[in-house]
Structures are given as structure tokens and as C-alpha cells.
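Next, two complexes with subunit A in common: one pairs it with subunit B, the other with subunit C.
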Partner chain A sequence: MRSSNYIVFGQRWTAQLTFAIGISLVVLFSLIPAVGILVISFTDIRSLPYLPTSWVGIDNYLTFFSAAQIGYNLAALKNTFVFALAVTFFQNTIALLIAVLLNQRLKGRNFARAVVFLPTILGVTVIGLIFSLIFNPSAGPAAELWAAFGRSTAFFGDPELAMTLVIFVQVWAGIGVAVVIYLAGLQAIPPELYEVADIDGATSWQKLRYVTIPLLMPSVTANTLLCIIGSLQSYQLIYVLTGPSNPATQVLSLAIFTQGFGGAQGGTVQSQGYAAAISMVQFVIVAVISLATLAYLRRKETVL
Partner chain B sequence: MAKMPSRAKRTLRISPLAAIAAATAFALASCSGTAAPGGSVAVPTDAGAVTGELNILVSSAKGSDAGFKAVNDAFAAKFPNVKVNFTSVPNENYNQARTSRLTAGSIDVGLAGPKELPSYVPAANMGDDARLAEAGGFVDLTDQAFMKKFTPSVLEKIAYKGKNYTVPTGLSYYSGLTYNKKIFADNGLTPPTTWDEFVTLCEALKAKGITPISIGGKDTAGIVMLSVVQSLYPTAQAKQDLAKSLYENSARLDDGKQLEVLQKVEQIYTYAQPNFAGSNYSQMTSEFLTGKAAMISDGTWNVGSLREADQVDFGYFPLPASNNAADNAFLGGKVELTLAVPSNAKNKPAAMAWLGVFADNYKAFNEKAGFAPAQVGVEGDPFYTEIEKYTKNFEPAWDTIWIPNTKAGQAANLPFNWTALKPMGQSDAQAAAVAAQKDWEAGK
Partner chain C sequence: MTTAVPVAAPSLPPVESRPDTVVGRKRFTPLVVVSYVLMFLVIVVYAYPLVFLVNTALKSNTEFLVNPTGLVQAPQLGNFAAAWEQGSFSRYVLNSVLYTLVAASLGTVMSLMIGFPVARGYVKHPKVWQGVFAAMLFLPNTLVTVFQLALRMSLYDTALGYILIMASGVGLGPLLVAGYLNSIPREIDEAAAMDGAGYLRYLFTFLPKLMAPVLSTIFILQAIGVWNDIILATILFTDQAKWPVTLGLFAFKGTYTSEWSLLSAATLIVAAPLLLVYLFLQRYLVASVVGGAVKG
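Here is the complex of A and B:
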């Protein structure tokens, strides 16, 4: 009986060597820090020289779930879920529709593809600056548009509107990559199937529903999973648009960032051990949700 | 038969993980908890003896950056054999940058502000800088010759347990309002001295269609709250008493003067520009400079840039949140950036020499930085002469006295819960105060 290793590596030591280099980089920069964070979360380390570090057991976790912090942390968790679900849903649906559109033979298709992909190239800070200017409540273009409807709002400062706007910006920023993945998936669908559907007299909507989407399920799985994992941990755009401690848009990863690194002069109030503990809680949440999503989507793939 | 190899593989896979965990634990244990050397280093007088590289890390602001540049030029002239690496980092990222460079030992002169912990605050709430000072992480500068050049009362304010680990760069005041003198004159208004006068003034401006106060809600540091606290608890003793009674649970955040703080902040918010929760600091300043707003809630650190913009003739007065004029007489402030030398600095002689040059050239520094001077006999911007009557007695602002309880909930961090007030948040003063008290009690 051949062992499965033989097929992967063959007799070639070059493949094994490059694989080993790759895996050692992953171990060095991902696995070891990850295990390190787990260890740190049981200490009160402050990441400064001369300060002693002591083992505190599950104290940090108890603080996270304590009566004083639980209200705030649950609100952050709720925001995280709302953000992740909304971004995943809207980003994938809109990206799919755009990809289907861009897959047709249209004039200026390449230009349109470049424009759709453009936000991905812009950095978080640039996007944040652009939208802060657009949504300037006293003089920006969005304010003028809003005033045309007779309403006025503080946009990112308005606790009720801030989350919606942040989701909108995140979807806008991430749509490029999703479209590219869907386009690749669409181009893998054999055109004969569409011809067969045409012969059977299917409408465009029926073609989309019965040919395109089922065959696109692997791309949907990939995109949805990437999106969920990414948006559960994303905080950069929220930080740039609404600041580090705005309760309306506080998400768990942002809480980790501010607890772990503080902000201006003065240092953090809690230790980095506490930040590591929140980090581990987030890891568990992301792992559970991603594995559940993966299992569900894989099942759907085979069903369809 | 086929099962045996897989079991061997499984046991093999567990131990590397355990090994990694153990290695990390050892690494962590060894790179912390080392005893600090302490001890003092004299300022070298021989310019030739000071060599090598000098690493300086400060937080960035237009005025102080220009000031430090002047000091660096003077230093280069006096000690030509030293290479100065001066880095200034935006304020939001300063702590992060300082932490990583401190661990690497690559800061010779940096910023620090160790705050002594009052007896009524549990030790777990000690800040990073205080912990470092306790562990001997800063060089003791008390007996250095250059310290004598600074105003003794300022040095007293930044001492930690009787020792001076930091060098002051100036003072700033922030419990007041910067106002447009022309708008006031045109409307026959003068700076108010009581709360009722203040409310009348704001109503008058509002009626004329001028925004009374422009507030940058997005990145405000809560100065409005600090200004109100300054009037309601005017002296340092009053503030200490409040802090003590909160920690001893003999005062509550949701009644008496504590509730009054939030109620007055709520009222001041009604005089701000519409939707100010979405405006940032520069938008607020531009509204002031273009004459749309009569006042801004700001600190005196901005004097330099307002002066440079040269669009508005401006003045400053304490925000009068009390109806007793005597309570509103003085501005609350703090000692601005304070410089320290970490004990693991690689080039202590050069750091001391640099601090000596800083003390000698303080006048040149402050001309650019625009702070209230921390040395006797140095004249600041004429603006400070104008507000002398408000700064005769230096009153420390609330945020320099209050130490947050890490065990309490977020609403009790400051502990006045202004971030929950409409339109920044979604509550009125009573609800915000009740939420703060609830979070405070949770930390008992």
C-alpha cells in the first residue's frame, strides 16, 4: 500500500525543502505567537522592561466576564456579529450580481472591472479620509444630499447611523476581491450548460438560479468564509472612521487593540495579559463560527 | 496494523506544541523582572567626551516639534560628536512606539508621566509609568544641575514620591473657552463670570444665528466635562476629596454635584453646532477661524497655531459652571510633555547633556512650542500675560488627579459619563449618571 506522502513529495527533495521553508515561516510567525498569546493570557505581563510578570491564572478571563465589564463586552460582541453578518451578506450578494454583470460581453467591461477593484488598492487610511470628508456633517457632499431630504445628521458621530455607515464603507472597500473570486468561478462554468438551458427555454433569472449559483457554490464557500473570518476580526476601518472608543461601533477586535496598545501617552489601564485574554475569547468565537459555516456550506455544495 | 503508525504520529504532534508553549513561557520569564540599575549620571562638561548616538522619542505637535528642533540645533553646535536621532510620533500611536522601543532599549530621552497613587486607590490601578518609576525604570534626575533652572512649584507637581524623574516642557490650561473678541464686541458681550451669565450669553448668540460654541465631537478629549468639573470642584483639595469619597463609596455619581456635572455638560451641548458629534478637531477650529462660531472648547496648547492662522483676534476665559464667581476664577491645567531618561538607555551621558542643553535653551524652545513657561523669568506668548489673572493660582485639572478603577465598568472610567450624553450617546444626564454609578459599584 502506498502511503499518501509519496504522491505529494515524490522523490524530489526540492519540493520538500521549499515546503519546509514555508512551513517554518508559518510556524515562526503564526503558530509560535499564537501559542505565546495563550500563555500570556494567564499572566499580567505589561510588555515594559523592569516590570515583573506574574502568573495570574484565569483572572484575566474572570475580569472579561465580570459584572463590571460584561455589559460593555456583550455590546461589543453584538456589534461584532451585526457587522460581520451584514458585511458578509451584502458584500457577497452585491459582488455576485456585479460579477454576473461583468461576465457578460459589455463595452468597457475591462474598465468597469478595474474601477470595481480600485478600492482594494487604496489603503485603510486613504479610504477613511475620503469618507470622513464625504460624510463631514457640516459641509460635506453627503450632508448636502441629506439636507435635500430635509434631514440632518452627524453621520459617523450619530450613534444610530454610525454602524450602518461603517458597514457600507467596509462593503465598498472589500467588494473588489469578492468580485474577482466570483468572476473566476463564473468563468469556470462551461458555456454548454447555458446553451442547454437556452434550448430548454430558461429565462435569465432561471439560468442564474439553476445553473450559475449551484455551480458557483465553491466560490461562495470561499468568499463567505473569507468574509466572515475577516469581518469578525476587522477593526482598522472602524478605528479610522469612528475612533477607538466609540460605544456605537465598538467591536471586539478594536477592544483588543486599545487594551493591548493603548493610545496616547499614559499607557494602557489593563495589562497586555488582559488584551491577550480577550484575544483568546475572540479566537474561540471566530473558530466556532467559521467551522460551523464551513460545515454548512460544504454540505450545501454537495447537495447542489 | 495500519493504526500503529498514526498513533505514533499523534503523540509526536502533541509534544512540539507543548515544547513551543514551554519555550515561550521561559522566554517571557527571562525577559522581564530584571532589576533596574538606578543611580545617577552627571552631566558631562567636556564636549569631546560625549559621543555615539542619541535616540529621542516624543509625541508630535507642530509647536513642540519646532521647539525641539531648535534645541537639537543648539545641542549639535555644543556637542558635535553625537548623532541625534530625533523621532516624533503622532499622539495616538505614541504609547505603542514607546513600549516597543523601551523593550528594545533604544530610547535615551522619551516622555513619561508617573503619577503617584493616593492611599485610597487600590494598587492594581497603578499606571504603567508609575510602575516603571517604582521598579527603577527611570533615571533619578532630582540632583541634576539643570533641574534647578525650572520653577520649583512646577517640579513639585511632577515629582514621584519626592524624586524628580521627569523634566517639564511647560504648562497648559484647558478648562476654558477660546473666544472671538470681535464677535463679542460686535454684540456687546463680555466674558461671563457666572453660569447664569454664561447661559444668557449663549442664548443671545444663538438668537443672532451665531454658533455659540463649536465642539469637535469625534476626537474631543472631554474638555467640556473637565471645564465643568473645574468650576464645581475648584481646588485640588476639593477634587481629591471627591476622588476619595467615590473610592470609599461615600459619594455617588448619580446625585448631588456629581449629577450636576452631567446636567451642565448636557446643557452646554445644546449650544454647540448641530451634529457636532461628527465634527473633528480641525473642522471645529476652522469654524472658529471663519467666524461661524463665537467660542471653542479648547486648550491653550493651540495658541501657536491660532496665532499663525492670524484670522481671529482671540482671548480665553474659564468656563463658568458655577454661580459663585469665585469658583470660576482660575483655570485648570496640567504640566505638558515631561521628558525622562529610561534606565536602560544606551547613551546616558549624551541624554544628560541633551537635557542640560534643553534647560539652557528653554526660552528658544518655548518660543516655538507656545506653552506657558516652566522656567522663572522666561516670557511666554503675550497671550499668557493676558490670562495671568486666571493662572495666578495653578489649579490641577480633574484628569491629573483622578485615577480610574480598572475593576469598574467602562461608564465609570472618567468617572463622569459624558460620552453617553446626547448627541454623543443616547442618554440624558440622569440615565448616564445612573449607568456610571452602576458600573462604578460593579468594581467594588
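Here is the complex of A and C:
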């Protein structure tokens, strides 16, 4: 590689100018807001302009842990962990099984892959509405299924059931990416290894356990990390399915939205500094958990 | 197995060359039968909700109330026209098409403008910039500050503000461009420069041809993100006339709560462009989305 000062196109300034134009937009709308979250978490900034803003120190963080808020926030934290753990576990396990299944020579497997991946393209609003239709409490396939067992429920309106259903829909919607990542990992395993295992008389299960899974560990790491980071921060589907302030499905990132924007259209006068403080708490949690997971999985990769 | 990039190729090799893993080449062993049954189950779990949506969209409201889950008896194509009309979808679809095309194009051009000079070292501290792009994938939730910024720059409730903010969410764009440039030798830059092409001409006419695959990947990733966004649109727009189609659909749900056929028709209207694109670009889209996700 040549030195980075090597110039091909006569003057350097055109390159620097176009770079500056591009990067300034990214800095303005992505980097500054990110750093800004930390800054305004120490203020009482509001969602209406022209209201005076003042520094409040760590008040917003104290509010987060205050007696009045801690119950709500702990519940949101618990929901976040339940949601993230369940989604990560089920999405990865089922995706791995589907990938192993669809990696076989089956007629119609390309069609199956295509359908499994489809929700990734559809987006949260469409998926949310489709499942509102499926889990329509008054008339729909899920209601009929429940009725067959002599039960009835409000589905997303049922505090006992809402979280389970939201997890189910999230797994349904997100599994396509995980399946394709696993499939790519499976196809990268050299077929010779299976031939050698066959010569040694290995059973299907032994081949899966001692060849497929160890060699697939990098894909497991990628999928688990993507899924943990994604599900700890995700709230869009929950918002569409159960609204902005359903206590049964209130997760931390939805709390940011609800505190900052009142959940409805148009701003209220509440402090967005507090919402920023929740953002920071969430950021720290996501960072700690993803780094810990990464360290754990990397160690596991070398062991297997 | 501790290398940095977990999965290598996002693009799938052709069907025939894929090795069997678990099942041998014998036909109709019990394992093969079980596999077909399982695959059928997977297809049902994924296809049923969509088929049910289409089925409901074709029913009259009365038919839906009488028989919500049965196959449609008297298809009502008029539902689509009615939903389109009552939900003012023509305006929302136009808005969404505008936001998606402009923001995704702008984001792609920005990725090129940023990624190329960084990859080739035409700007100072290219390594630092690459680090910044990687770090940007792990930023905190910036809803509140983005809103405040829009408010203070008079970009709140404007199409321009929404487009700029969506376009700036380039995410992996610059990294994907820089990564792809590893496969384009510098000698091509030099040859073009020798032939008298200036930097701008090279950047905007030569490179897009050389980098068409990665640029379309970036465009598609961003276009899907913009078309499906609902949260930023919710916090940035108050004027209903500027809403994208996702917000229009969400509001439609609020208004026509009990008219499930109409709501299904509206949902299909929003999903239709995505389904069409998927039908034609399926293999390509899968590679794009997964390539983007994995490199993150």
C-alpha cells in the first residue's frame, strides 16, 4: 500500500470539498445528536421552542432512580430484558433449525427461504397491522383457535399475553436475516469435512454436533450480537402493536419515546432532558451487555 | 476462529453447488419426509398471515363479520379503491415515493463522496474516519436531539428536514464503499487521471459504473429504511399533508378500527410496492440486507 499522502488527481481540494459536504450532513444529523443526548440529559430542555432551558446537573438521572419513577423504570427495564432475552433465544434457535432444514436438498426450499425473508422487507407498520388482524379479539384466526379450547382473550389488550405475542411477532419478523446469515455460514463449511465424518462412521447428530455447530460459531456470534443489540433498542413494532404506553409491553426505548414526545402526535411540555437521560441509561446497558456477550462468545468460539 | 469478520460472502452460490449437510442422497428416508413436513410448516407460518391479509382485503365488511376466517366468497375489488380514496393514500404514497427516492439517492451519493476519499487516503486521518463510521453504528437513541435540532434549524415539519435526516442515516454506506474499493485497483484511478479526468468527473461518472453493485446495495438498504420508517415521521411531522404512507396507514387504523376488510386493503396498498420489488429482486435484496447487517 502506498502512503496516504499520495495524490492522483492534481489538486487535493476537490476531494476534500466533496468529502466535507458529505461528512458535514452526517456529523450534523448523526454525530452531533448522539453527543447532544449526553449534553441535554443535564438540562430541562422542552419540546416547545422558546421556553427557557437551564442546567439541572444530574437531576434527570436522580429522577430516573427516584421513588416516584423507579417502579415504572424497573418495570420497563424488566420488560426490556425479558423481550431481548426471549427474542434473542428464540430467534437464534429457530433460525438455526430453519437454516439447517433449508440447507438440505429439498424441492421448494428456495420458495421457503423467500417467504421466511419477506417480513424483513415489509416493515413494522405493515407487519403490525397484519398481526392486529390475526390477533383481532372479536373475529379472526387466533380468536377461533382460542375459542376451540373454550377460551377468549383480548390478545394485545391482555396484560398477561401482550408481551408473549409481541415477542412472537418480533421473532417472526426478524428471523429471515438470521436464517440467511446461518445459511451463508453453513455453505462456507467445506463438504470434505462431512465426507471425512462419513468415513469415520459419524451419525447425523454427531456431524451436526462436532462439525456443523463448531464451524458455525462465527455466525452464531454475529447473529446473537445483532439480535441482542437490535432487541435491546427495538420498540417500533411494540409501538405499532400495543401503542406507546401499554404498561405490559413498556420497554426502555419506548419509554424514551413516550417521555420525550408524550406518545401522541405533537409535543407536550414535559422535559426532553429526562428522555435523554433514559437514552443514556439505555446506551450504557446496551454497550455493557453487547461487549460482555461478544467477549463470552469469542471465548466460546475458540473452545469449540 | 477469532477473526473480525464473522461471515464471509453474503451472496448465495447457485442452488446446485450447495452441499448437503445432514441428509444423504437417498430419497424418502424418514428424515427426508420429516424435513418436508417441517418445511411445509415453516411456509405455512410465513405465508398464512399474508394469504389471510389478501383474503380479508377481498371480503365485504358483512362477509368478514359473518365469516372472518373462511375463504372469500364474493371478492370485492372495490375495497382497494375505497381504501385508497378514504385514506387519501394517493398523497401519502406520493410523499413516501418522494422521501424514499430523494433520501436514498442522497444517502448513496454521500456514502460515495465520503467513502472514496477515505479509502484512498485523499483526506487526512483516513483510519480515524473509518473508526468514526464503525462507532456510529453503536450510538445512543437520538430521537430527542434530532427533534430539537430540526426544531432549532426550522426544519421541523418540513419535507426537507425529514429527507436530510433520513439521508444522513447512511449507517454502513461509507464503510461498504470503502470495503468495495479494495477490489478496485488504484491503477484505474491513475489511468483515469492520466487521461485527464478530474476528481469530480471520476467520482460521479466513472466510479458509479465500477461500483454499481455496492451502490445499489446501499440505495436499497436505505430505501427500505425510509419507506418503512414510522417513528421519525411521527415526531417530525404535524402537518398531515406531509405524512409518509406508514403514518397514513397507522392513522387509517385508528379511524377505521372495525372495518377490517378496508384496513386490510389499505395494508396491502402499502405493502404492494415492497412485494413487487421483492418479487423481482428477491435474491439481490437478501444479499444486500444480510451483507449490510453482517458487516455491521
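Basically, the second predicted complex is superposed on the first by the 265 of 304 C-alpha atoms of A that agree within 3 Å, B and C clash if a C-alpha of one lies under 4 Å from a C-alpha of the other, contacts with A are read in each partner's own complex, and residues count from 1 in each chain.
Everything below uses one rule, namely that a residue touches a chain if its C-beta (ideal position, glycine included) is under 8 Å from a C-beta of that chain, and two chains touch if they have at least 3 such contacts.
In this text, all values refer to a predicted model and were calculated from it rather than measured experimentally.
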For A:F156, select first, second, both or neither according to whether it touches subunit B, subunit C, the two together, or no partner.
-> first
With the two complexes superposed on chain A, say which partner A:T43 touches: subunit B (first), subunit C (second), both, or neither.
-> first
Is A:A295 contacted by the first partner subunit B, the second partner subunit C, both or neither?
-> neither
Partner touching more residues of subunit A, subunit B vs subunit C, is chain C
Classify the contacts of A:N136 with the two partner chains as first (subunit B alone), second (subunit C alone), both, or neither.
-> both
Taking the superposition as given, does A:L51 touch the first partner, subunit B, the second, subunit C, both, or neither?
-> first
Is A:F261 touching the first partner subunit B, the second partner subunit C, both, or neither of them?
-> both
Classify the contacts of A:V240 with the two partner chains as first (subunit B alone), second (subunit C alone), both, or neither.
-> second
Which partner does A:Q104 contact after superposing on A: first (subunit B), second (subunit C), both, neither?
-> second
Touched partner set for A:L74, first subunit B, second subunit C, both or neither = neither
Intersection of subunit A residues contacting subunit B with those contacting subunit C?
-> 31-32, 36, 38, 40, 45, 47, 49, 132, 136, 139, 143, 261, 265-266
In the complex formed with subunit A, which residues of subunit B make contact?
-> 2, 17, 20-21, 24-25, 28-29, 32-36, 59, 91-92, 94-96, 99, 102-103, 105, 111, 113, 125, 127-129, 131-132, 135-137, 217-219, 273-280, 283, 287, 337, 342-344, 404, 406-411, 419-420, 423-426, 439, 442-443
Under the touch definition given earlier, write down the residues of subunit A that touch subunit B in their complex.
-> 1, 31-32, 35-36, 38-40, 43, 45-53, 63, 66-69, 71-72, 132, 135-139, 143, 152-160, 242-245, 247-248, 261-270
Residues of subunit C defined as touching subunit A within the complex = 1-3, 6-10, 12-13, 15, 18-23, 25, 31-32, 35-36, 38-39, 42-43, 45-50, 52-53, 56, 64-65, 68-69, 109-111, 113-114, 117-118, 120-123, 126, 129, 132, 136, 138-149, 151-152, 164-165, 167-170, 186, 189-190, 193, 197-200, 202-203, 224, 227-228, 230-231, 234-235, 238, 246, 249-250, 253, 260, 263-264, 267, 270-271, 274-275, 277-278, 282, 285-286, 289-290, 293-294, 296
Write out the stretch or stretches of subunit A touching subunit C in their complex.
-> 2-12, 14-16, 18-19, 21-23, 25-26, 28-34, 36-38, 40, 45, 47, 49, 98, 100-106, 108-126, 129-134, 136, 139-141, 143-144, 172, 177, 180-181, 183-189, 191, 194, 204, 207-208, 212, 217-219, 221-222, 226, 229, 233, 236, 239-240, 253, 256-257, 260-261, 265-266, 272, 275-276, 279-280, 282-283, 286-287, 290, 298, 301-302
